[in-house]
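Presented below are the structures under discussion, each in the form of structure tokens.
In the two complexes that follow, chain A is the common piece, with chain B as its partner first and chain C second.
And then the complex of A and B:
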């Protein structure tokens, strides 16, 4: 599997650009995701769940070295939250090839929190409603 | 809506929606409507400074019902909701009240401070609301998805309707209403609430909480002795001040207070025109708790 590490500065810029309105999740970002493990991966969409509290989608990712395919699950914001960033239910379809920038979950499972999704066929990039960078109340 | 040819129409509709609360507010009181542009209700985003860093337009004044009571929701013919999403009962800055305590001023009992620090050290991993349990206490006003306040004074009650899991609180407004006795009350997420008006402010007294929720996102502890006294003051059409006194002899050495301001919003949660609360059920596709178990949640 091939991951490209996103520089911390680039991560901060993405978060800042998407922070026009708060994107609070129902849980703490840091409870589940490791902000020190930013990842970028490309794969074909196998499943989309357009539901609350989070939209989830799944992609098959091929390891370039072994040829093995693994299925990864990606969490986005709530439907209403990502609609603010331009998503509709039809923005992404099963079979579409997408490039996901996000943060890997703690615990080493094939799961992550998406910050952005780029449609490989058009180059269109959409924010994914990540709550990374939101500071909790006391 | 995304057709460039329709942008003019969208802007016109948006302006009409933004202006509507101001006009309706004045009309409900029998006043002359404010001049267009001078009293435009811009909703939450306008209240915070407007789009693109533009200065916020002045808000319309606090609306009232015909009997003089403050209207804590939309005026007749208008739409909108309170954009409850972020609020901090401790600390200053942002929407927090300038009178808020700093964290080191909170009168924790020793065990409560230790528990709070433990919860922080685990980055909120143990938060019941992350597993979709109700947002009790003042957290009711920090979860997203909107809030409407339905005043049914003629029936002796006010409902606080949250978009978060479509939870709701009932505020008893009957004169002389008392809380059930300690023997009678069954601890719950939202407790037993009694309200009354003190001038322009709705004051709500609540007891009977259970201990199965975090009363604020960061994890400030509470016990079954929690007693909240909440003050709701609509400063103007677009802003409501929320102040709460936390009286919990089980967790704190003395009562203490804090609060924040809540903005009014006249667009839908996804920013489309409308000003209506949408459906949100956390339980629908909750997948985080499985990950939390793998990470060592108790």
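And then the complex of A and C:
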């Protein structure tokens, strides 16, 4: 095999590996989240990433005693999945106060898998397409 | 020169993926920024700023959700990446005060670019430092 062909095949392999990265992001619940750490928190939406394979949103959570703010990232289901539970791209906006029920990530990072999101201003509660219970514990 | 379809399709595939990756990064100003502001190193206040750029105007919020304040008179100079905006806030005694914020975006090529500058409310002088949240 000529070197130029080998080079192109190697390049194609790298490209294929890069394309596969989003698939790796579609992980099992048990691999990343600790079902023994359910959490509920209220915060203000600071960022929304409406994308496959998971929608992510981020909230600032204020410690009422110290005034310190921590930013938490929350994973929801795929856009198509949560749209079936009533979500639209306009359901949540930057600055909205929301109450999130979910499961904290392993390792103690400020990251979790959301089960539901309640809009503080209206009380409307939407399912978040959590994958909890869909894969065996590891 | 004759180009083999296999080579051509490989090159086109690489260009497509690279273009997709670049498109995800967005405008250097746009996004959510976290950091703090204060008069000195010892007294700092947590700060979140969301900004967007529609090609003509800068819009956004300071501290979304918590005493949030919309950006006013916001301007971006893309020649030197300086940013100016103003907000209505309150001073330590609770009196309304106008804050003028002037900063400069650095590390433009980084997904953790920074915005630093002055945060002056009335006669009180302070500085701020923000880092843009990474896109995942």
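Observations on the structure shown:
In this section, the second predicted complex is superposed on the first by the 108 of 138 C-alpha atoms of A that agree within 3 Å, B and C clash if a C-alpha of one lies under 4 Å from a C-alpha of the other, contacts with A are read in each partner's own complex, and residues count from 1 in each chain.
One rule holds for everything that comes next: contacts are C-beta pairs under 8 Å (C-beta built on N, C-alpha and C of every residue); 3 or more make two chains touch, one makes a residue touch a chain.
Worth saying up front: this structure is predicted, and the values here are computed from it rather than measured.
After overlaying the two complexes on the shared chain, residue contacts for A:45 are found with chain C alone; chain B is out of touch. In the superposition on chain A, contact is made by A:71 with chain C only, not with chain B.
In the superposition on chain A, contact of A:58 is made with chain C only, not with chain B.
Once chain A of one complex is fitted onto chain A of the other, the partner contacts of A:105 are limited to chain B, with no touch recorded for chain C.
In the overlay built on the shared chain, the residue A:94 is in contact with chain C alone; chain B does not reach it. Residue overlap on chain A between its contacts with chain B in one complex and with chain C in the other: 49, 56, 73.
Interface residues of chain C, counted against chain A in their complex, comprise 6-7, 10, 13-14, 17, 31-32, 34, 45-46, 48, 50, 61, 63-66, 68, 133, 135-136.
Every residue of chain A that touches chain B in the complex is listed here, in rising order: 21-22, 24, 26-28, 30-32, 49, 51-54, 56, 73, 75, 78-81, 83-84, 105-107, 109, 111, 136-138.
Those residues of chain B lying in contact with chain A across their complex are 45, 85-91, 103, 106, 122-125, 127, 129-130, 132, 142-145, 216-220, 268-272, 278-282, 284-288, 291-292, 294-295. Interface residues of chain A, counted against chain C in their complex, comprise 8, 11-12, 15, 18-19, 43-47, 49, 56, 58-60, 62, 67-69, 71, 73, 94-97.
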